[in-house]
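Common to both upcoming complexes is subunit A, partnered first by subunit B, then by subunit C.
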Partner chain A sequence: MSQILKQKIKIFSSILFAVLIVSSFSFQVQAQQKENSKKYIKLEVDGLACPFCAYGLEKNLRNNIEGLDDLYINIENGYVTFSFPKQDKLKNKKLEDIVEEAGFKARKISFSDKPFPKGEDK
Partner chain B sequence: MKNIIIILFLGFLFLTGCSNNKGYKFVKEIKLEGMNPISAAVGKTGIWVSDSKNNRVIKINESGKILEEFNDFKRPMHISLFKGKVYIPEFLNDSIKVIGNGKVLNFNLGIKPNAPAGIDVSGSFIAVADFYNHRIIVKNGDSTYTIGKKGHKNGELFYPTDVKIVKDKIVVADAYNNRVQVFNREGKFISAIGEKDSIKVATGIDADANEILVTDSGNNRVLIYNWKGKRIGTLTKSLNYPIDVFIDRDEILISNFYKGIISVYRKIR
Partner chain C sequence: MLKIKKYVVVGSLIIILSSTQIFAHDPIYGHGPDVLFKGGLALGLTLKSGLGFVRNEYELGYGVTPKWTIGTDIPFSNETGSYDFDGIGIKSKYRFYVDYSKGAMLEFTALGSYKYSKDNIKPDVLNIGLTSGRESVAWYWFASVLYTGKITNSLLKPGDEINYDLTFGYRLNHINYYKPDYVIFLEFIGKHQFTSKLNNSNIARSGGNSWAIAPTLMFTYRNYALRAGVKFGIGESGYINRPKTNFKVSIEMHI
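Our next item is the complex of A and B:
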């Protein structure tokens, strides 16, 4: 192999490595920005006893909250977590009404800028 | 004397052979890793399972290996098999889907349900448990009608989750009235079953000519009744939040929501 070809391969590898590093950093920044643009909610609900109830609550939340994402239901421990766009205002009263409309009672509502940890299902 | 003994022995064998089932024996568990199965139904080429956690319907073999997979359902619930097709109620979408020949198609029921939780198909009849409207939607050919309304009296329903058509009867898992109700196909109330058995959410049912089986989810058991409403058996082994039951001739399959397993029992004769 000629010296020139070896040098070309070396340059190409370096460029490829640099591109990979930059892309990876860019993805991380994007993911961070995406996470920062969200607000997280944990809804603890009384009476969330069966999958039908849980999915009923899910249905009501999805129908009434625009941009709802990252929905997680823990039926055993009776709570739901999800995210929504940070710029949107979501008041406790609205959430209580949505839960009530689905046939349950909101026991506790918590807001956070970071995702809530997911518990283990039974 | 010898002849009498032989006749008595043959008579005993004959009576034993003719007797009805004497209950069920637990056979095995089919493990479904990472799934919350709502319903399982045995077809000719495998067992169809609605995996609501992962919003999909899959076909598995008897070891639990996935043979076919259909995704993007919105919480598929109690499914039904009829003539090689799988009928799927989608709880979040208020729609009915049908898998046939490898394709997923929409099915028009004629009346829009609010959170369909269970479906059964038999000949030209299709019945759907309309959860939030507290009723059963029945479609027969071009005509569609409803059975029941919200309430706790005989003939009224409170969050029905499953339905079965058996001959001229429609059997309903009247989930939050904690009982089973039997109607004729026109919707006339016939009987209420299991009201004195302290059922804690009657989520799933199946029935044949002899028995009605109901999953008592909150008590981790399956109750067996005859058509007169008399309780004739209880299954508890290997059950953890049983949510549906399927009769497959001499075997029954019970879907356990939390444990992610299907429990298989066999009839003792």
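Our next item is the complex of A and C:
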């Protein structure tokens, strides 16, 4: 009896392990697909000196860029990173205007297909 | 129709010309050059209290453009006896110069305000001035000068004033957008009051100078700010008294 129970447990464990492996792989693929469907931007911004004021930049970016995600603001090093859907077009002029309307100045804009590394301070 | 247009033009001019204290992270007693982001709305409540008086101000500010902010405040106080509505103020700031650099900003701003008094006991007050400041991830300074005109139909006209302030600030923590932020300030506040007039004649024993200092603290987290400070009178000359010790607390939210 106990032999049968042991065998059942072994089979169940093997199935569970296999399911975990497959789902983990599936999640990885999904994450990769999600990452591939996005474009990443790094905005280097002059004038960022206060968290309270930087809220205006967050609000303006969220209000003006559809599908904006992964927003990260690093005041100490003066930059903002975020992602947006790859199929959308986003021009430098629009980004410069958004930063200006928040009361700051865009110094440099970089685009990438991969996420920009975040600072240590989050 | 023409009369309505005239009121709109005059009202607009007052708003354009028109002190603001509750816009972004300006000093709590003095003034600063910060303006709101375009479309930004600031909601604020300030409580000021000292020996025998309490004053609350409900404030609202709006960022018309990234350079121009308008606002209003509605004060309630017991300075004239019972606690009551104490007139209404309109105010405006226009930032005409900014020098941006990485982690810092130098600003120059024109500011103005007009406070309508609810009765004839106090005069209406017009403020026009200039304010400047530099803020960085570690240090702050602000410097301002304002002309304050008193407008009244009464035979007794209190002397107009020149108000000036100089503020230094230091951030106590490592700056991080996602964490609470603490900045301490030390404000120096000065006032020169011209002689008062009675029936258009100067009152000999009136006018003078007074000075005060105010250590203050600003706490912010994302779009919420809490500021508090205590003002101590430190000197006087002529015929006016140094300011009485009082404290001020303000909460503000940007949306």
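We adopt the following convention: the second predicted complex is superposed on the first by the 117 of 122 C-alpha atoms of A that agree within 3 Å, B and C clash if a C-alpha of one lies under 4 Å from a C-alpha of the other, contacts with A are read in each partner's own complex, and residues count from 1 in each chain.
Following the convention adopted for this analysis, a contact is a pair of C-beta atoms (placed from the backbone, for glycine too) under 8 Å apart; a residue touches a chain by one contact, two chains touch by 3 or more.
Model, not experiment: these values are computed from the prediction.
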item: Superposed partners subunit B and subunit C on subunit A - clash or fit; value: clash
item: Which of subunit B and subunit C A:85 touches, first, second, both or neither; value: neither
item: Partner chain(s) touched by A:49 [first = subunit B, second = subunit C, both, neither]; value: both
item: Residue contacts on subunit A - larger count, subunit B or subunit C; value: C
item: First, second, both or neither for A:115, with subunit B first and subunit C second; value: neither
item: Subunit B versus subunit C as contact partner of A:74, first or second or both or neither; value: second
item: Which superposed partner A:59 touches (first subunit B, second subunit C, both, neither); value: both
item: Clash-bearing segment of subunit B, relative to subunit C, as chosen among 25-33, 61-69 or 133-141; value: 133-141
item: Subunit A residues contacted in one complex by subunit B, in the other by subunit C; value: 49-52, 55-56, 59, 76, 121-122
item: Subunit C to subunit A touching residues, read off their complex; value: 24-25, 34-40, 63, 65-66, 98, 100-105, 135-137, 174-179, 181, 220-223, 225, 254
item: Residues of subunit A defined as touching subunit C within the complex; value: 46-57, 59-60, 63, 73-76, 78, 100-105, 107, 121-122
item: Of all residues in subunit A, those that touch subunit B in their complex; value: 49-52, 55-56, 58-59, 62, 76, 121-122
item: List of subunit B residues in touch with subunit A within their complex; value: 36, 38, 52, 75, 77, 91-92, 115, 117, 131-132, 159, 161, 175, 201, 203, 217-218, 240-241, 243, 257-259
